[in-house]
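After this come two complexes, each holding chain A, first together with chain B and then together with chain C.
The block that comes next holds the complex of A and B.
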């Protein structure tokens, strides 16, 4: 009897892990299978600038550019701000307050992205419109700004943990040398926490690439690279916002649909590579100090 | 000497300022949601069906639709996550396959939510021909939160000291007996924590369900597995797209506040459960 339950038990846990494995493989196969049509029909024309469904032109470069620039803006804003805030919560805040303050900041991560989008169109877009006298406040900059706020809690939490995990004797030794707080942080703490900070940024990067709802609502959804290309006060389109806006209206099995899935595949592959790197960054964390 | 001091004080003030800025963002976001949301919320809003494409009426079907979906999500993902965690902890012994399992779980965690959405659209709606169905939405959400549950359950199973396993084996228990009496209770605690945190994330997701599980208005409580429902996040989306209509926008804020309250409820109970189990 107990042999039987043992067998059932083992096959249950085995089935579970097989299901988990199948899920990710299936996602990949489905994406590859459905983007094949676009790749074989259009070939290198996929990497062109014009996206015009009626004439059969499906160039994805504008969307790739949009994803790249929005993510870049978000990281440029959020990384320095996040690291500085983490330095404050970990090194300057009284240790009793650290956990409550951190938990409050983590609440930001819990707000669903659609609500960020709502706040984006109700406030940020209008502020930007008034500030720069634009026709519409739904621009690449608005999306980047919103995205920066969304990835901020990830960076703060992880960098704060990294700094907090450094044993106290490093600080004490540096203090004993008569260094100022700034010098301790810059010369002792940040170099030790470097690998973890790198991992945190990669994680935030992955999240920013895949964010859909908030970006879709505020970016303006125009499939063009602005001219000049660094004019971030004009509307744009990211891979995710394109997918979110258009895929439901595209008929399954057409080249149009397939080109959309091809963009999804590119996104999936990018995020997959970033995940692998961030996992490696976490593993390489040298435990010199233990 | 003096310049070192100046740099130090500039640095300290910059760090303080960034913190104040972040705290300001937090206060602004929650302040906005609460201030705008409480103006829209009333008993009628919570208990009446939607009218006039969301510009009038309440959100009762959106609330029940969202709760139904995440409840099903929980039922689907819980046993799979528990089994995966136990397999990873107790059966995978060589580092290489452990590594592979970790990579798998982390990559699943990293997949953008919109990718799950288009995967569901292709695989379930088009290939399997289910049509727009809340049940499919639950399956997709379950896939999405699986890694959160697995990692949480794995940590608690793995934190059981080896001496417990060895003592139990020395008593002549079979491996499965050890798992089911010693390790499973621990794993269940971890999986519950992970489940609450995962659900807090799943209930707010729009991108995975908007093509495959929800319809925007005129939907009642579903009677079969293959019907669409209305959900809170997709309702906010449709209202946000009519942002020029002040009545619709106000209801969007009301819906947002209900959604945020649910998210905070699930994530704090996850936190409390974790604290309680840690004390034991």
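The block that comes next holds the complex of A and C.
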């Protein structure tokens, strides 16, 4: 009997894995298959600046730029803040308070992104507009800020776990050497947790790349690279916001549709590469302890 | 015993559901036509309990696509069907029915309106959207940069506006600062700004979003009032239309007749549009 249940359990797990693997492969094949038309028709013209569907111009560069800059802003804001918060919850907060505080922070991750988007457009955009005396609060920076808030919980909770999992011997030994708390964190804990922190950042990076709704509402949706290109206080467009706004307007099988799917493929490839890197980061981790 | 009971229960529920299954009409498309059709649908459902009507937004382009791909039974458009759309679905014989009339109005933030810009010529509007005029000062207003709000390419409001202002319904607008979607989103952005210009359906004007008069060459100002839309003097008008695949039949036909009838036309007027004269 137990042999049989073991077999059933094993095959169940195996089937689940195979199904998920097939889904991933299918998504990839569908993306490649559907974007082929755009690639063969337009070739390198896909990597130009002009997107104008009626004249058949589908340049995706401004969208790629938007995605890159929004993600960069989000990471620049969220990574330092996230790591600091994690150090606080893991090392400074009394251990009785750690779990409640952490759960509250994790709650941030559970809020649907459309809610962030609505708050962003109703308040955040207005504040930024007044603060910087802008024409409109729908800017790349607004989207970056919003994304930073959204990826913060991922970074906090993963880095916190990483720091918390370091055996107490290291801290005790460091304390025995007469180091201050600050020195222990900086010279002992952070170097040991480095690989995990790296993994956390990559995971947050992946989420930031794929976020659609919140970004779509606040970014202004104009297919232009701002001038000068680092002027993040002007509106822009990301791959996801473009897809969100325009995919329903295209008809299945047209070059327009195909060009949209090609952007999806780029996004997919990026997330795939990032996932691979984060896996490697986790594998390379050298277990110094125990 | 337990299993039999569950089986029995599921059988009966299945039967019950299939007996009471309502015929459903799905509709999607222009956010301009939406208020009329969704209000009409709600009222219609009260008197006809055997029909379920689901109304979705999305814009004229989306409405046509979903109708062409047979995802919906009726589309709402606030512009005419384009040739490209007819070519896309060669097998479908689209049947267009006008249910009302509307004007697309150039709108500005109330701050600009109060500062004295209450009318513009079509050429001035075109210059703003082409990016040739970038400051309200050039139009006689305050020294503020113009926030030029454009709409997504497939939106009916944009087609009509661009057709008359720029001469091409798919004209690009290099002067645009923001590209937004629904009338709702456009209205919000104009309220939030103090120097914005945009295009809205006549029904979406209010105290914070003021419609501009159109200045014709012979120094006549035409107000976007209902009277001017009815007699056709306001230049940027359009028909609000619904589209079906072929001649509408059965429940769908009944619903369309209802919308065209006196009760349905009441919703056209309630939404701020002009009813169709049959």
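Methods note: the second predicted complex is superposed on the first by the 272 of 290 C-alpha atoms of A that agree within 3 Å, B and C clash if a C-alpha of one lies under 4 Å from a C-alpha of the other, contacts with A are read in each partner's own complex, and residues count from 1 in each chain.
In this section, contacts are C-beta pairs under 8 Å (C-beta built on N, C-alpha and C of every residue); 3 or more make two chains touch, one makes a residue touch a chain.
Just so it is clear, the structure is predicted and the values come from calculations on it, not from any experiment.
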item	value
Which superposed partner A:173 touches (first chain B, second chain C, both, neither)	neither
Touching partner for A:276 - first (chain B), second (chain C), both, neither	first
Touching partner for A:87 - first (chain B), second (chain C), both, neither	first
Touched partner set for A:121, first chain B, second chain C, both or neither	both
Broader residue contact with chain A after superposition on the shared chain, chain B or chain C	B
First (chain B), second (chain C), both or neither touched by A:104	first
Contacts of A:22 with chain B and chain C, given as first, second, both or neither	neither
Chain B versus chain C as contact partner of A:221, first or second or both or neither	second
First, second, both or neither for A:68, with chain B first and chain C second	neither
First, second, both or neither for A:248, with chain B first and chain C second	both
Chain B and chain C footprints on chain A, overlapping residues	121, 248, 252
Interfacial residue positions of chain B with respect to chain A in the complex	4-5, 7-8, 11-12, 14-16, 18-19, 21-23, 25-26, 29-30, 32-33, 79-84, 86-88, 90-91, 101-119, 121-123, 126, 143, 146, 150, 174-177, 179-180, 200-201, 203-207, 210-211, 233, 236-237, 240-241, 243, 249, 252-253, 256, 259-260, 263-264, 267, 271
Residues on chain A engaged by chain B in the complex (per definition of touch)	2-3, 5-7, 9-10, 12-17, 19-21, 23-24, 26-27, 30-31, 34, 80-81, 84-85, 87-89, 92, 103-105, 107-108, 110-115, 117-119, 121-123, 149, 152, 156, 180-183, 185, 206, 209-213, 217, 240, 243-244, 247-248, 252, 260-261, 264, 267-268, 271-272, 274-276, 279
Contact set on chain C toward chain A in their complex	58-59, 61-62, 65-66, 68-69, 88, 145, 147, 150, 152-154, 170, 172, 176-181, 188-189, 192-193, 195-196
Chain A residues touching chain C - in the complex, by the definition given at the top	52-54, 121, 125-126, 129, 135-138, 220-223, 234-235, 245-246, 248-252, 254
